[in-house]
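A, B, C and D label the chains in the order they appear, each numbered from 1.
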């Protein structure tokens, strides 16, 4: 069974600039790094890392990964994709630092993804098995927002209805809300975790990454994000918000990293069981109240997207 | 598959006094009522009610209910409890207002519970199927905290190790954290939802309810709870907190309704997959940092509990 | 000695629509009303009212009032304005409900103002002189943001340098910050209270009201303002923000009442003694970081203003 | 004219331990230090320092200082104290780093105080006179709460009525609220700034410091204070709260530094003009709702105080 979005890999062209942005300003915790990568997590996470920054000639989505509840699910997924005629690659334990064996595919809409079960956990016990400490949000040595945990990815696809054939019908993702426009589905929010979404699918010319979202404690931390970015000279990184989404109820700020990768700082969506029927928005309602509950327009550059990894398999 | 804690029923001796407390001061939304009941929910919930107040000669726990993902799970659970030798009662659709068929048992540690799948949902669509509105937290007609959604129940049991034989081993609840004391388990936090707990089990002389918890948006709403209660003359209802739990990281306030039923106003625990190993606390760590991360003592009356329904089946 | 901004009068064309906006949605406390007026205050104020809504054929500024520390200051101000050749009117005790004698002028830049000392206070004592209660922010019967207290007015003037001749040099207001543009003062924030401003002066074609500001507890209440307005169907009232000012450090949201009167919901400026030298902004710094610390542009309609009372004396 | 409380000097026995507490954990900004002193300020302050930690053989109050609006006020105060028969010492410009000339006395109730006008300001301009930046709360290099600015000192005196003869009648401090007990004044909150207090006076056996208070942005920062202290191993420093005062409406946490000096982290009192009549509390009201609006008791050690400087003149 697929449990949730587990981690993402973003391409960046300059690791040092990326570290300044993600670690020094936003307050991601750095687990490890090497010449090609920086491994980060939010302060409420038990996985050693949920965001990998990889040095690359272009920015965008390296891949994202979905955690399964049972190691044997990887076999079931391999079998299932074989039946669907979707090529996959098996990646052995340790090929990605801290991660067990995984199954990699390019999903039918063009996005590089993988399924995995085992992931290295942060060290919360001493040698005798006694708890040292839980990961705690408010530590006296931390700076930044800080981000709590990974929440979702937002993808562009050529056809949302076609994308749902895979995500909803094959992978059993539940649609929480969707937008209908001109007789087709314009956007759909899908999830395995009972929040509003793990993977959002929005119609565009083809596969692309719109944003990766991390949750924070509340609206105060979202305002703090903008204040911190402005203080550190990243005013151009503040793209859209803070605002309240109608769809999902969540409070948000969209920001851009030095390579233009967009991140949503996000808080406060609702929980709803996966078997519940989806909420439908008309285009009119969505465009006037769904995207921004407060009714205002969004900036032009919010439509820009980032490419996805062309060399995943 | 059991998904989560769904709702609770609390016994109160005076419905009008209870309404003033829960609706007028705390800001629960009242779905419906009759001469014997008031049906309430938090403002982020899609179920029409998650808290039923029932007039009774003594206060305490009427029952609590666990939602299953599939109607057929009720058959599986009936079969399973039969094998365990635990008597059950089948309750037909509508026997509880808004609720489908359910299976009622007194679990082996003495608490009245039920399993159900179908529950009436709030009306968010107009006649043409178009979304009227999502349940929104900040409405201009609301007063109170407001509470967002049900989170967990905290029970007293004669033996936590014995209780885990049922909750962990038979119902497949995952233990997130537990406390060891004098060679036995003193307390365990168990869950089917990936938060820290749906059902907490703490050692005492026997079956009893310690508290029911509802989540709020953040610490500001917890402070607001105390401010509202004091303003409305319920200073005696403010029992313990606000404070930060070490165990769960959550921020809390414990309050008492006019009948002495204890409610925890709760925010900010972490998420962790159900297959992860539990966190173990020694008694020393738990009593000095686990209960209250800030290290202070708790008031004597925090140990008081409420009886559970003696006439469930 | 002038102490602070005391209250304002806004013209509205429909009192019932205004009440819905200010009382039912924003949560101003209504002290009293008659056929022509509604008298309001914020929840932290001891004056019975600090905002008077007056029915009028056009919207805009009725007048604003400055409180003096000593009743005799009214005589001194009368003498001083006589010397300056500025006509004044003496208004007797009670001519404005709850207010003592006042001195009315149209200040040299065209704005209707008055000076007063005595103002009716809310009733916080019982018959025996014992405190009933302080005005408390969080009452269980209140809805809305709520606004705490009046903070400042923002005016348009034909020449800021000329306006400072009156406000700074004659009334002894202290300039906290100002903007220089093309060799003249473009804007100046002036105060008698040690916050950043009681009266802001900004260059335009002539006398006009830009906005009246009320403080709230913190950024959460500013977000709540937008959420409440959207919930009540006032999405068009949400004009600009939420955002952080560079100048003043304050967090803000600009909203419009049903008549187009602009209100700033405001929190978090700094305190600085009145004898301190002003902070100077270049136009470049002000337009890129001073107005909005986060660097973003403001919407076109934010430049619109409201007329001022043409029949004050 | 006395404007406000300007700064305090606290005695500490170990400067390094004090720096860890005040700078590394709480987030005070360190302006400067030498072998005997550390000079600190809150993040919203323009004075280079408002808290001086001085190495001493015992902990407690070194002195506190009141800012006057005019340098000539120092002469007037010297003359006035001479008439009162209170000895004073004149301290030249620079005797305290960054401070102009001052007048030192031991006030009639035994506390070491000084009056001053000039104080070094933080550097917010570049060489050409252009603003570099305002002191901003949310900088990406800061850790800690952070504290915003000094608010008040709370003193113990042998007789509050006698103390008011000096503070209210001679120094013209305004009483905002007071408590009557057994026919005398048990406590009085006095101020020159229009908040609730600069100097609080509470009956005890004689002169002593109860606490120094710094304001923070809101309740979230007060919770953060406890979280940060617990995280850094200072659980014993968390003494009382967080809670809401009835008197002043403020939200608070009392903490102890490594030497036992008590600090109140404070937010949200009201503003009221100095000429307004004081609010009177009976002992019954004060002890059940005034100290803590929520009605709970306070811990025993909250009565402990610190000595004051015995060598001030």
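Here is the rule we use: a contact is a pair of C-beta atoms (placed from the backbone, for glycine too) under 8 Å apart; a residue touches a chain by one contact, two chains touch by 3 or more.
Fair warning: this is a prediction, and the values are worked out from it, not measured in the lab.
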item	value
Any chain that touches subunit C and subunit B	A, D
Interface sides of subunit A and subunit B: same vs different residues, half threshold	same
Chain pair showing more contacts of the two, A-C and A-D	A-C
Intercentroid distance (Cα basis), subunit C paired with subunit A, Å	44
Distance between the centres, which are taken as Cα means, of subunit B and subunit A, whole angstrom	31
Gap in Å, rounded to a whole number, between the CA centres of subunit D and subunit A	47
Contacts with 2+ other chains: residues of subunit D	136-137, 218, 220, 227, 229, 293
Subunit C to subunit A touching residues, read off their complex	218-220, 223, 226-227, 229-230, 235-236, 238, 242-244, 251, 288-289, 293-296
Contact footprint of subunit D on subunit A as seen in their complex	24-25, 136-144, 220, 224, 227-229, 231-232
Of all residues in subunit A, those that touch subunit B in their complex	3-4, 44, 46, 67, 69, 121, 124, 129-131, 134-137, 149, 193-194, 217-218, 220, 246-247, 249, 268, 270-276, 279-282, 285, 293
